[in-house]
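Scrolling down, you'll hit the structures one after another.
You will see chain A twice below: alongside chain B first, and alongside chain C after that.
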Partner chain A sequence: MKIDRRSFLAFGVGGAVGTAITPLPWKLMDDSSIWSQNWPWTPVPLDGAINYQPSVCTLCKGGCGINVRKIDDRPVKIEGLKANPINKGGICLLGLSGLQLLYGEDNRVKSPLKRVGKRGSGKFKKISWQQAITEMVEKLGAIRLKAQSHTLACISETELGTTASLIGRFMTAFGSKNYIRTPSFLDSLEAAILKTTGTSAAQVAFDFENSDYILSFGSGLLEGWGSPVRMFMANSALEDKKGTLAQAEPRLSNTAAKADKWLPVNPGTEADLAFSMCAVIIQKALYNTNFTAAATGLEGFKSFVTANYAPEKIAKSTGIKAEVITRIATSFAKAKNPVAVCGKGSGDTPGSLKESLAIVCLNALVGNINKKGGLWLTSEPDYIKWPEFINDDASTAGLQKNRIDSAQSGKYKDTRFLLNNFADAVLDDYEYPVNALMVYRANPMYTMPDSEKVKKAFEKIPFVMSFSSYMDETALYSDLILPDHVFLERYEDIPFASGYTKPYIGLARPVVDPLFDTMNTGDVIIQIAKRISNSIAGAFPWKDYETCLKETLGSMWAQLESQGFMTDQSYTPPSTVNFTFPDKIADAPAIEGDRGKYLLTLVPVDSIRINCGYIANPPFATKTVDDTVLFENDILVEINPATAKSLGLRDRKKAVLETPKGKASVRVFITDGIMPGVVGMPKGLGHFGYDSYIADKGVNVNALIGSLEDPETGLDAAWGIRAKLSPA
Partner chain B sequence: MSDSDEKNGQSGIITLFFILGFIGSLLLGWIIFPELLYSKKEQPVAFNHALHNEEVANGCESCHFFREDGTFSGVPKLAQCVECHEEPIGVSEAELTFVTDYVAKGREVPWLIYSKQPDMVFFSHAAHVKMGKQDCVTCHGHIGESTSLKPYEENRFTGVSRDIWGGNIAGISMDSWDSMKMSDCDKCHKELTGRQTSVQTQRDACFVCHK
Partner chain C sequence: MKDFHEKKYGMVIDLDKCTGCGSCMVACMSENNVPFKEDETKKRLSITWMKVYKFTNGKSFPETEVCYLPRPCMHCEGHGGHSPCVSVCPATATDYSTETGIVSQIYTRCFGCRYCMGACPYHARYFNWWDPVWPKGMEKQLSPNVSPRMRGIVEKCSFCYHRLQLAKEKAYSEGRREVRENEYQTSCTQGCPAGAITFGDLINPKHEVYKLKKDQNAFRLLERLGTNPKVYYISSREWVRRAGDNYLAHEKTGKKQNH
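Up next is the complex of A and B:
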């Protein structure tokens, strides 16, 4: 009798038989099916009460109303607010993806940070708000002590609204005129309106909803121009009422594809085309005599356009046949409520005064300025009425100095902001150096043309601070980051919706408690102001930003708080306009690059799927981008089959794109949707800040294009650059 | 010792080992396994359902109510408790813990929910209580009459409450509230509809509960 292998086998068999009549195998089988259907690493959304909070989206200048769906206190979806007159319940891709800009914690600046490594190395140390504000006070205080108040500059996306106005007020109280707003097509239109009507700082709007003929000169009406959701709705309404959309653009954009007429105009000749249409309208006497009779200068304008822009004369340069120009101009003039519009792509570059003037004149000829369905001149909202304050000697001395960007004085006295001059001014020590720069809701390191030059300028500024909520390119190059709340965490008045005709104020408000250790920039400014000097503190009598905002909005607060916006839908602009037609117009500067060396023309391409503003495209939105735009991490540039053939380039294959500003590795997408000789490059890609879901995807087109000074306004008139493309 | 004696001895050993294995596995399966499978956790605050039920006007629905949009609120939030318990009521230790640790700090009580189904199950209280006129006891038993909360037992493997499978490890349930498995749904649906079929066997029926 001995214990052997068979004994253990018997033990095993006994155990197996016994186990079979216990719950163990059956229960474990059930549990494994539950486990495998509920992987423990898969996040499960928490249950709770569904509730909605209305607010306003501030991710672009559209001013759309949003309704944030929440489960208990947690925002889970951003929807359009039905009651809002701008987007009427609609929402764009960027707005829909907005929650990633709240929760994407690797992109957020989670507390005040002080740089410890080299600029751009991304090495920061966490500091407290107390330390951060003390740091600011010491740096700025030292500048004032040296009587160099004027050497403080600020770059911001807007000058409107309470927060921006607080920063503006701080700059004035500090003693600097260098508050610089980022540019848009409205700057150039503002200059054109000033030239033709004498109205300064006019807010130009377009009454698309009531128009039956929209003539667009390269405006990406469906590519993010103006208030994007409003534009989609206006386009649908135009289709419903059998109106016409004519799109003059060198590329078959979504807008061109949806248009009734597509005029594949040579890039950069849009203004010539518009003036040529003016010539046709004048020649055929199709202009609105009521309007022109009240206007002055028609005769001079008539001789100017007929002499220089007769259709036959410009057909070759624009690439549009004379009869087509005549036909479009005629149908435009004969429409009941026609409107012409400019602002290339999403409208974030000003363009030349020549182009804006051409569009304004075209609208004037058909008599639609301040008329139903036309171009409206509205004014900036004026609810911010704060008490005057007294500047001390240091501030007064600082305010005597000219602006660093050359705006508001001398040659460009009528232009309010000239960010395109900033980098040169810093590098060339124009009059004085910039000793400190504050950046609020802007990402100049990414959005400004000629990134290399901007980087050099930033390197020369001894102290750069950013209020960015995100670790964007500018934040990466800052010495101090004082992160603002994101749009879903803060109060903010939005007194403006790009291109919208009616008076409108939206109130963005906190729909969630701040997720990280961030602070409303309004509060930061008030706190800094109170500590720098008594005279600056005197300009900021408010306890905090919320008190300031409530006092500023006064009786409007209650309605804004409950509804999320206020508007006057019955508003109509003054019917009389003192219009003067110009009799000569300076030519727009030619784009940069030697035609002999650079055979092609590079133009940036805007898309509703890629946000190209100061906020990077959220990953959800980038997911929707076609692989003809972004393939893995490679950007694709569009070229015509003829261009491809002449250069020996093959579809989707790698190539090297070179411009006078730089070189980039790209792939080519061969399409008939772009004219020969033109290279279309998507905008909004190529970030190097942010996290790995956003960064290193494609190339930033701004790095390859420089800016060009418009001879009359000084604004950036560049729309492209000469380029060459060769197989990799 | 003869060969046959040796053989008998050997088969005795084999039988003994068989029986040892058999009994060992029975002990393992019926006694040790259930002990190992579940971890026991006490609720964060001692709670007396019976006491609260006497104080409220609308029975279970006073605290476990349907929201305006028809969704079921489930376990009450702190805000509801605070309506009465902003200051301690009485001097019991549990009351003081509750007010000091949760009410005063504004912290939600992390209640452990005995009847929480795993995430792949969709269940609508409105369909069962409002439309099907089921009472709470049918599924949840007489918890509303309990004076204390039993320990929460969590399946170490799946993280699901033991009450879903039921207290009996063999899965035998005597009352309708003893377990909350799919077979229990099935049983009730068959009985109440009078058909020898249930919603689960109809076309696309899986997706009624497993979205």
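Up next is the complex of A and C:
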């Protein structure tokens, strides 16, 4: 066939028309889109019968009841338990994300691990439980043989409940007093209560539900303080009854945003502000005479506060005008059921005794201690009654040594735990070295201030072991990890909900069989104890943890097992309190850092959306974090526009933040919700343990701040540090 | 005029109670198999059916005030069911139900043209630019009641429609035709620890939302666009109501009595 121009064009046009008419390309396009939407890796969740199992959440100290929805045996969602008196069906976002902490394989420690690489390198080898326990027995046995029982230390989030008590008992039987609990604002309040009422180891609670005026000195009541869900509900109840919330804090936190009155107080002067309010109440004779008549020391307190804390005198240093101080103090005193509260942020820093005393005195002046809507003194639950045991010579000798953290003796004899002294004690060999450290439900490498120092201290301890379920920072720095079940896989009694007024015991139950080769820490302790020495074994008569737990809970077990909790909602505290007003108050240590060199004050910013405790924030929770807090992997620090202008910083741009403790690269977020001269730095970011969904996001604020010893209690009184910020 | 809906599910959110805690967001994500990535800080790419916005009164320190506003899909009725997204969807992947007032999203019909996203004035719709990937082990959390989505389609809040289906099944099996108010609640409503969200049938006088939507301080977002949304907000603060963008500078906020 001859191909001329005409036939060539005809063929071309014909071809084009033909292609357009044929359904082939459209069909192919359609098919490929359908096919590509049906890629087999889009999961199809397995179906099954929906069932619910109640339990208790242990991700924070809130003690909330949860109801776990399962498809056959597979948990798919955590919801709040309606029947539970604390959270009444409500739930926070951490609890809602809880399944990610169960299922996230890359974060879980899936079997006992022994370190093979350098500390912190993350190189471990899998070992069997048999081996792991033998390893522990040998290490600890060797320490005892050398008559160094006292050089074993343990750091834990709690000293309450059966597992913690088993560890405590083990420490005592072993011959060490060094069981150190991580700090909380309740420690400092406990000291203030001891000083004013003589009651030791009091659990301080706040009857928010019945209060109509909440005056908070920096407490992140809606930021994770206390039992968070209870606090959200209390805030709504306050809203319903048109009560008042006044928040003194340098930053417009969620709590300040919901408050009826935000008092932007200069950081570090909260106690002065509170005493100043005491002065107003005294001057205007607004105090509750029934209460003060029964109390002692009012005259001395009167002259002390009026001489030192008159509003006019305090206005300048606190940054709150005298008339505002007077107005707030007056309305507080005139409210029917006012309550003052302290414990900054989410409450994991004790704060100074001065601050705690100030709020205890405020509450005393309005006569609400142990009254409806006020501050309550409750006691620790005492259902754990185990038989006495006999210590052998090695443990008796060990128990005669002072604690490594200087608590419970000498200057700080009334303070129970001083974790803030631990790193120094290790590094400076206070009285003796720490030869072994056990870490249970804590992540000191991450949560303790001055991370660099903590890391050095850890490096100096010859043997560190962790019971962590997760590959957190402390686990990474351990020599041995004996992973506990996570909260959905084990039985556990929770005898306490932070700041809650009524007696309460919750029982967390296994809602799923352990996913990995983990073991309940209670069982591990019992097994180790049985093998180290006969005398220690004698202190642990139980076959296993579950037997011990059932025996310990005794007649309560049946109800706890069926209902998930026990409570006495009719409880009221004893109405008479022997209160003594203090007549002098030691000053709290000044914020660390040279004011000339560091022009700004850095304060940590707690948020309910970022868990800053020993458990890292799961991906769902991190997903809710604003891009003004975290952008890509950069942390944003908040500053006022005036601060930004004076330092030449631009919104969302990079900057260098420096404190006496360290330096970090950050971005700045310019906002009117923070006072000039203050830098707000989100807490709970900057993990280096865990997987890529959690790690390397932002900077850990604990690396930039230090701790300050309160002169009377020895507790960490620091909240923030001096800092400087410069454009990158 | 009688409403043409059989049921008209909607929400009233009390902004005075909302603390911005974010529980509703996670309650939604964990209920509806919403995926997550390593980096979720680029918010336009971050799938959040329920999103809590934070906004201020624009005043400088210390007069600054902050308000949080949870934003689910508004399930707009428009006029006679002509919601903005439904009107533009060429695939009938999103539809308006006169039985429930719920704007549906049928993932397998959606071919990802994203017209609906352009039409939605509330940014309530999200596009799956990638196939979802669950980190190792985490796909075990997926609920069989909601299909996981795939790359190339749009998704949004469904008012937890699967919960209505389950509640209906339960009611029918018990010989009832009516689903009780407490039997059908969205995950965010149930999860909100502040009790700020109320959900129910807006045209049923027995339901809580029926009363709450008539609150003096109730408003809807961008009401004047004619989207006729089913999510109401309550705020005692004037500047917050004004931020709902329904008022000219000289107009008073709050509900008109004859409305």
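Here, the second predicted complex is superposed on the first by the 690 of 728 C-alpha atoms of A that agree within 3 Å, B and C clash if a C-alpha of one lies under 4 Å from a C-alpha of the other, contacts with A are read in each partner's own complex, and residues count from 1 in each chain.
In this section, a residue touches a chain if its C-beta (ideal position, glycine included) is under 8 Å from a C-beta of that chain, and two chains touch if they have at least 3 such contacts.
Since the structure is predicted, the reported quantities are computational estimates derived from the model, not experimental observations.
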On chain A, which partner's contacts cover more residues, chain B's or chain C's? C
Quick check on the superposed pair: does A:Asp47 touch chain B, chain C, both, or neither? Answer first, second, both or neither. both
In the overlay, answer first, second, both or neither for which of chain B and chain C A:Ile71 touches. second
Give one of first, second, both or neither to describe whether A:Ser692 is in contact with chain B, with chain C, with both, or with none. second
Using the superposition on chain A described above, determine whether A:Pro264 touches chain B (first), chain C (second), both, or neither. second
Once the shared chain is lined up, is A:Gly18 touching chain B (first), chain C (second), both, or neither of them? first
Chain B versus chain C as contact partner of A:Ala10, first or second or both or neither: first
Would you mind listing the overlap between the chain B footprint and the chain C footprint on chain A? 37-38, 42, 44, 47, 50
Which of the residues in chain C end up touching chain A in this complex? 16-17, 19-23, 25-27, 29-31, 33, 36, 38-43, 46, 48, 52, 54, 56, 59-62, 64-68, 108, 111, 131-132, 134-144, 147-153, 166, 190-196
Can you tell me which positions in chain B touch chain A when the two form their complex? 6, 9-10, 12-15, 17-26, 28-30, 33-34, 37, 67, 69, 71, 73-74, 77, 118-120, 155, 157-160, 165, 169-171
Across the complex, what residues on chain A touch chain C? 33, 36-39, 41-48, 50, 69, 71, 74-80, 87, 89-93, 96-97, 99-100, 103-106, 108, 222, 228-229, 232-233, 235-236, 239, 252, 254, 257-258, 262, 264, 515, 608-609, 619-627, 630-633, 640-642, 671-676, 691-693
In the complex, go through chain A and note every residue touching chain B. 1-3, 6-8, 10-19, 21-24, 26-28, 30-32, 34-35, 37-38, 40, 42, 44, 47, 49-50, 72
